[in-house]
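The letters A, B, C, D and E name the chains in turn, as written, and every chain counts its residues from 1.
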Amino acid sequence: MATLLDVQGLNAWYGESHILHGVDMRVGEGETVTILGRNGVGKTTTLRTITGIVRSRKGKLTFAGKDMMQVPLHKTAHRGIGFVPEERGIFSTLTVSENLMLPPVVASGGMTVEEIFELFPNLYERRNSAGTKLSGGEQQMLAIARILRTGVRMLLLDEPTEGLAPVIVQRIGEVLRQLKERGMTILLVEQNFRFASRIADRFYLMDHGQMVSEFPVGELPQRMDTLHKVLGV
Amino acid sequence: MTMIFGIPLQAFMGQLLIGLINGSFYALLSLGLAIIFGLLRVINFAHGAQYMLGAFAAYLLLAYAGIGYWPSLILAPVIVGFAGAVIERLFLRRLYDLDPLYGLLFTFGLALTVEGTFRYLYGSSGQPYAQPAALAGAVNLGFMFLPIYRGWVVVVSLVVCLGTWLLIEKTKLGAYLRAATENATLVQAFGVNVPVLLTLTYALGAGLAAFAGVLAAPIYQVSPLMGSSMIIVVFAVVVVGGMGSIMGAIITGYVLGIAEGLTKVFYPEASNIVIFVIMAIVLLIRPAGLFGRDA
Amino acid sequence: MTEITETIRPEKSRTALSVQAAFLIIGLLLLLLAPFFFYPIFLMKLLCFALFACAFNLLLGYTGLLSFGHATFFGGAAYFTAHAVKEWGFSPELGILVGVAGAAILGLVMGFFAIRRQGIYFAMITLALSQMFFFFCLQAAFTHGEDGIQSVPRGQLFGVLDLNSSTNMYYFVLAVFVVGVLIIWRFINSPFGMILKSIRENEQRAISLGYSVAHYKLGAFVMSAALAGLAGAVKSLVFQFATLTDVAWQMSGEVILMTLLGGIGTLIGPLFGAGLVVTLENYLATSEFPVTIITGIVFMVCVLIFRRGIIGEFYASRLGRKLGFVYRR
Amino acid sequence: MAVSATQSNAMPRVVLSARGLRRDFGGFTAVKNVDLDVHDASVHALIGPNGAGKTTVFNLLTKFLQPTSGTITLMGTDITRTAPDKVARMGLVRSFQISAVFPHLSVLDNVRVALQRPNKLSKQFWRPLSALDALNDRAEQLLAKVGLFKERNAIAADLSYGRKRVLEIATTLALDPRVLLLDEPMAGMGHEDVGVVSALIREVARDRAVLMVEHNLSVVANICQHVTVLQRGEILAEGDYATVSADERVRQAYMGSEEG
Amino acid sequence: DGASDGKVKIGILNDQSGVYADFGGKSSVEAAKMAVEDFGGKVLGVPVEIVDADHQNKPDIASNIARQWYDTEQVDAIMELTTSSVALAVQAIAKEKKKINIVTGAATTDLTGKACSPYGFHWAYDTHALAVGTGGALVKQGGDSWFFLTADYAFGYSLEQQTSDFVKSAGGKVVGSVRHPLSNQDFSSFLLQAQSSGAKVIGLANAGLDTSNAIKQAAEFGITQGGQHLAALLFTLAEVHGLGLEAAQGLTLTEGYYWNLDDKSREFGKKFFARTGKMPNMIHAGTYSAVLQYLKAIDKAGTDDTEAVAKQLHELPVDDVFARGGTVGPNGRMIHDMYLLQVKKPADSKEPWDYFNVLATIPGKEAYIDPAKSGCALVN
C-alpha cells in the first residue's frame, strides 16, 4: 500500500509547553488508522499539528509524497486533508445548510448534498436553523458531513463518537466503512475502543507525546492485556 | 392647514425628509462599523477618522490635483480603503487573538493620531468644498425647498447600503466571513485564505466610511473634527441596531436619523441625547439590540 | 485578556515576600519625600489620576469589564464636591463625602444598565451613558457650563488642618491615595474578589453554582465608581475648580491609557501609568510636538508591543520573576 | 446487566418534579408533555437520541431556559418562575455538556469558589483571601475523592478535556446539592476516569438525587435505578434499565442493534 | 529698581492643538514675538522672552503650567488664555500669586465682573461687545426682526440673552429661537425653522465649527438668497477663511480688528502674514497689543513689580495697531472700538484675505460694560 501520510520525528509546542516529542507514524492510501491513548497524551495535538493548525512544530511531514511543513494552513485542505475537530466547530451565525456548504470543494469525488442528507436525515430536518442550535449529536453529524462534500483524500477525525447516541454511533460507523470502501483514507482518534476496533485496520498507541506501539487489527486479541493496563479498557 | 402635533403638516414632512437625509449618513457609517465589528470583532474607533479622511481626500484631490467630486467619489474610498488594508495587515491582525478591547484601544489611538495630524496640518476650522455643479440648486417639493444634493445623498446611500448588505448576507463570501469571525483557524483549515478576506473586509469598512465622508464634504465643513463628533452617535446606532447585525445597522441608522430629526423640532434641547435615551430603553427591553442575535 | 494575579500564595518564598515589602516601603518613602523634589501640584495631580486609574483597573483588571465612561464618576464627583464646598459651605471632608456618594449613585445607575452586557457592548453602553451625563453637565446650571465651578475653597480638614498650604494638601492627598489603594487591594484579594474573578472566567458556571452574577458585578462597578469619585473629589479641591474636561469622554480614554501603560490587572501599575501620562502631557504642552498625535502613538505602541504595561512587563521579566512577582496569563 | 438497586425504603420521596413541561424555539418544539419525577437517594438517567431534548430539559429544570408551559417543583416549592442562581442556592445544581470550569483559576480555587458560596464568605469584600483557607481541607478531600489531588495547584486551563470534566464534577459536589443534574458527565473521559466517576456518582446518590444524561449505556445500566427515554422532545419509555432496554421502540430509536 | 531677575518673561498659554487652535494658537505666539521685536527686544535694559504652552483645553494642565511658570520659572505675565474655564482658573491663580495676566482669547464678561482681579486684564473682546456690535448695530441697518440659533450651553445662552437685549433696546424684535446641541453637524432642521419664522436676521449664537456648518448649510438651503440675513455672534477672519467666500458671503459679524482697515493695520497684517501664512484676526492683533502695552507699562513704571506695572496698565492709554485710543477700566477691561463687518461677495474681493466690508464702528464706550456696573468688587 502506498504511503499517503508520513510523519517522522514530529515535535509540537503550545507556547512553551512541549507536547509532541517525536511522533512517528504513517498512514497508507485507503487505510483506516486509529490513535488510542489516555486523556491528555497529545492525540488531538497530533491531528492539529498534521493539519497545520499548531504551527510551532518541527520534524518531517509529507502527504502524498509532498512536504507539508511549509504549506500555509489554508492550503492544507487543497492538498487533500480534511479535519473534523474535537469541539466540532459548528458556526452559530450560519444555518445548517450554510455550515454544510461552507468548506470549499477541493477535488471532485465528494458526496453530493442529497447523499449527505440521506445519510443524516436529522440534518435535513433542521437545515434552516442556526448551526449551534443543533443538539450535540446533530452538531457532530454536521461536522463530519461538512467535510464529506469537499472531496478530500484523507479525513482526520477527532473523537467523532463523543456524546453520540448508540444508534448514531452505529450509523457513523457504517458511514466510515462506506467511505473506506470508496477508498477514503481515515485517521481517527478515539476513546470508544469498541467503535474503533470495528473500523480500523491498524492502531497506534500513544503516550506522553509519542507513539509507543503499533499493531494491526488482527493482533488486537493478544494486545488486550497491555491495552487494559494503559487505557483501562 | 393640516397640523400634526401642533406643527403644520408641510413643515412636518420637511423635517421628516431631513431626518432621512441625516439617517443616510448614520446608516452608511454604522454599516461600515457593523461590518468591521461583525466580521473582525474589532470596534473600529477609527471609523470617524476614516470618514474624515474620505472628506479630506476629496478636498486634497481637488486642491492639489484638480480632481473633482465625481472621480473622488470612487477614488477617495479606494485610497482610504487601501490605507485601511495596510493598517490591518501591519497592526490590527496581531490583535485578533486577544480580547477585543485591544482592537478598540488600538483604533482609538489610531483615531487620535490621524485626527491630530490633520489638525496640525490643516487647522481646526475646516476647509471649503463646493457642491458638484450637476447637483447644485434645489427643487421645490411644495412642502419644502429640497437641495438636489441632499436628495442625491439619500438615493446613493440607499443603493450602497443595500448593495453591501447583499454582498455580505447573500453570497458565499458572507458565509466565509461570518464563519471566520467565530473560528478563523478552522475556516482556514477548510481551505479559505482568511487573512486576505479579513484585510479586504477592513478595507471595505474603511472605504464605506470614506464614501460617507466624500458625500458629506459639500454639506459639512471638511474639518479634522468632523469624525469625532459623529462617531459616538454612530456607535450608539450600532448598539441599538444590534452589534454585528448589518441590516440592523442600516435600518436603525435611518430610523434614528428620523427620530433625531423630529426631536430637533419638538424638543431640540434633547436632540443630542435622544439617541442615547433610545439606546437605554432598547437595551432594557432587548439587551441584544433591535436586530441583534442573542449573545 | 492578559491578567496578572498578585495573590500571594503560600508556596511563595520568604525572600520574595520581603523583597516586595522592601519595594513597598521604598515606594512609600519616595512618595513621602517627593514634595521636596517635585512640584507639589504636579504630584497631587498625579496621585489623583493614579487613584482614578487604580479604581478603573479594579473593574477592568479584575472583572474584565472595560468601562468607557469612567469620566462620569471622576468628573461628576468633582462637580458635586466643588458645589458642596463652594455653594453650601461644606467642610472639605464632607464635600468629598458628597462627591463619593454622588459618584456611587451614578455608578449604581450606570451599572444597572451596563452590567447586563459584557465586553465591547459594555464598553459602548458606558460610553453612551457617560455622553448623556456630559450633556447634562454641559447644560445644567450648577456646573456653569464651559466656565466650570471656579475658585473652590480648600478649607480646613476636620476644622484643624489648613489645606491651603500645599504641603498639608499634598499629605492629605497622599493619605487618600494610600487608603484608596488599600481598599482596592483588600477588595480584590477577598472572598468577594474571588467570585468576581470566577465570574469573569465563566459566567454561566458561576450562575449554576448559585451566584447572582448581576449583584457581584454591580458591587464591583459601584465600588470602582465610588473610588474614581474619591479621586475626582480630591482633584477638585487640589485645583480648586471642576470643569467639563473631567466628564468628557476623552478623560475616559485617558484613564484607559494610564491603566494600559501601567499594566492592566496590576495593583500599582496605574500609578506609573498615570505618572507617565501626566508627565507627558505637561512636557508636550511646552514642546513642539502636537499632543494628540503623540498620545495616539503611545496608545498604539502600547497595544501592539507593550501590552502588559510597565509593571506587567517588569513582573513578567526575569528579574521580576526572580523577585517573586507572579505574572499569569 | 443487572441493576444494583440500593433502595432502602420502598418509596423514596420525590424531590424534583416537572409536569407538562414544554419549550418552543420559534416554530420548533424541543420539549413537550414531559412529566418527570426525580427521587431522593437515587440515580435517574435521561437518555435518548441526539437532539431529543435532554439538554433542553436540563436547561428548563435549572431555569437557564424559561419553559413555554408546564410547572417545576423543587422539594415542594414551585420554581417555575425562579432565577437560575436562586434555584442553585435552593440546592439544584447542574453541570454542563460542554465542560465548564474557571480556566485561569487553579484546580483548588475552582473548588473553593463553590465551597465559598454556602458560607456567606462570598460577599465579604473586607476579609482577606486567607479567610478561604478554612475551606482547603474540604476542597482537598473532594479533589482526592475524584483523583485530582495531585493536580490541585495546576491551572484548570492546562488540564486535558477529560480531567476538566472530573474537576467540574468535584466543583458541583462541593456545593453539596440536594439534587444534582449531570449532563453527559462521562463524555470525553478516559476509561480510568469513567470508573472513578461512576463509583463517585453512586456514592453521592446515597443521600441525594441525581439526574444524569448519559450515552454510555454500561454506565446507565450499572448505576441508574431509573431511566427515562426521550425522543423528539417527548417521553418514549420509562422504568428501570432492563425494562427500557427491552422496549423495541427504544432499541430502534436509540440503542440500535447492539447493547451497552 | 529695574527688572527683578534680569529678564522679563511672558507666557502665552493657549490651545495650540485643539478646537480653538485656529482662533489663536501658535499664531498668537508669533504675534507676541512681533510685539517684543517691535518694542526693541529689551525693556529696562533686560531681554524680554516669550515662552508658550499648549493647554489642550484642559484647565488642570493650564493651572499646572501657570503655577509652575509663576513659581519656578520667573514668568512675569501670562497672556492669551483661550477658553473661559482656563482663563478663569489662571486668573484666580494669578490673583492669588499677585501676578499679571492678560486675557485675549476668552469671551466671558465674568473676567472683569465677578471674577475680576487687580492684576487681571481682558483685552480683545467679550460677549458683551459682540452682542452690542452685531445685535445693536445691525438693527440700525434695518435688521429689526431676529431668530436665534443658539448653542445649548451657557456660552450660547449668554450670547443670545445679551444680543436680544440690544436688539430690543434698538427697537427690533425677537421672533423666536431654537437651541441646538453643541457640536451639531447638521443644522438643516434648525435652519428650516429659522426660515419659516420669516425673521430678517438669523443670529448664530454659537462658535467654531457649529457656526461654520450652519452658515454653509444656510447657503445650501437658499436662506440668504431668500432675503434673510445671517449674523454670527462669535466668528473671526480665520473661520471665514476656512469657510470660503462662496458660502460665507453676506454674513455679518463683529470683530475688534480688521487687517484691511487702513494703512497701519495693513502693514501689520502683511508682516504677520509673512510670518504665519495667514492674516491676523482680533485675537492675534489683541495679543500683539497686550504684549506691547505690558512692555510699555514696565518701561513707564521702571520696574517689573506687579503692583507698579498693574497700576501703569490701568492708567496708560492704549494706542497701537489694534486699539486706537483705548482705555483700561478699574475692573481690568480694555475699552476700545469694535467693528461691524460684512463678508464680501466673491466678486468684490480684490485680493486674498480681502473679506470684509466695514458696516459700522461701535465706540468702545458703547461696546463694553461700564466698569461701574460690571459687578467687579474692585470698582466702587
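Rule of thumb we're sticking to: a residue touches a chain if its C-beta (ideal position, glycine included) is under 8 Å from a C-beta of that chain, and two chains touch if they have at least 3 such contacts.
Quantities reported herein were computed from a predicted structural model and do not represent experimental measurements.
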* Within the chain touch network, how many edges lie on the shortest path between chain A and chain E? -> 2
* Asked: Shared touching chains for chain D and chain E?
  -> C
* Comparing centres built from CA atoms, which chain ends up most distant from chain B? -> D
* To do: Look at the interfaces A-B and C-E and say which one is made up of more C-beta pairs in contact.
  => C-E
* Asked: So which chain is farthest from chain C, going by the mean of the CA atoms in each chain?
  -> A
* To do: Starting from the mean Cα coordinates of chain B and chain C, work out the distance between those two points in Å.
  => 33
* Could you tell me the distance, in whole angstrom, between the mean C-alpha positions of chain A and chain C? => 50
* Structure fact -> Whole-angstrom distance, CA centroid of chain B to CA centroid of chain D, is 48
* Structure fact -> Here the gap between chain C and chain D, centre to centre from mean Cα coordinates and rounded to Å, is 43
* Asked: So which stretches of chain C touch two or more other chains?
  -> 135, 139, 290-292
* Which two-chain combinations touch? -> A-B, A-D, B-C, B-E, C-D, C-E
* Interfacial residue positions of chain C with respect to chain E in the complex -> 39, 41-42, 45, 135, 138-139, 144-148, 150-151, 235, 239-241, 243-246, 281-282, 284-286, 290-292
* Structure fact -> In the complex, chain E touches chain C at residues 16-17, 51-61, 63-65, 67-68, 71-72, 83-85, 88-89, 92, 108, 110, 115, 152-155, 181-182
* For chain A, which residues are in contact with chain D within the complex? -> 17, 38-40, 86-87, 122, 126, 129, 133-138, 140-141, 159, 162-170, 191, 193, 231-233
* **Contact set on chain A toward chain B in their complex** => 51-53, 73-78, 83, 85, 89, 91-94, 98-99, 101-104, 106, 150
* Asked: What does chain B use to touch chain E in their complex?
  -> 11, 14-15, 18-19, 21-22, 116, 119-120, 123-128, 130-131, 138, 144-145, 147, 149-150, 219-221, 223, 225-226, 229-230, 261, 264-265, 268-269, 271-272
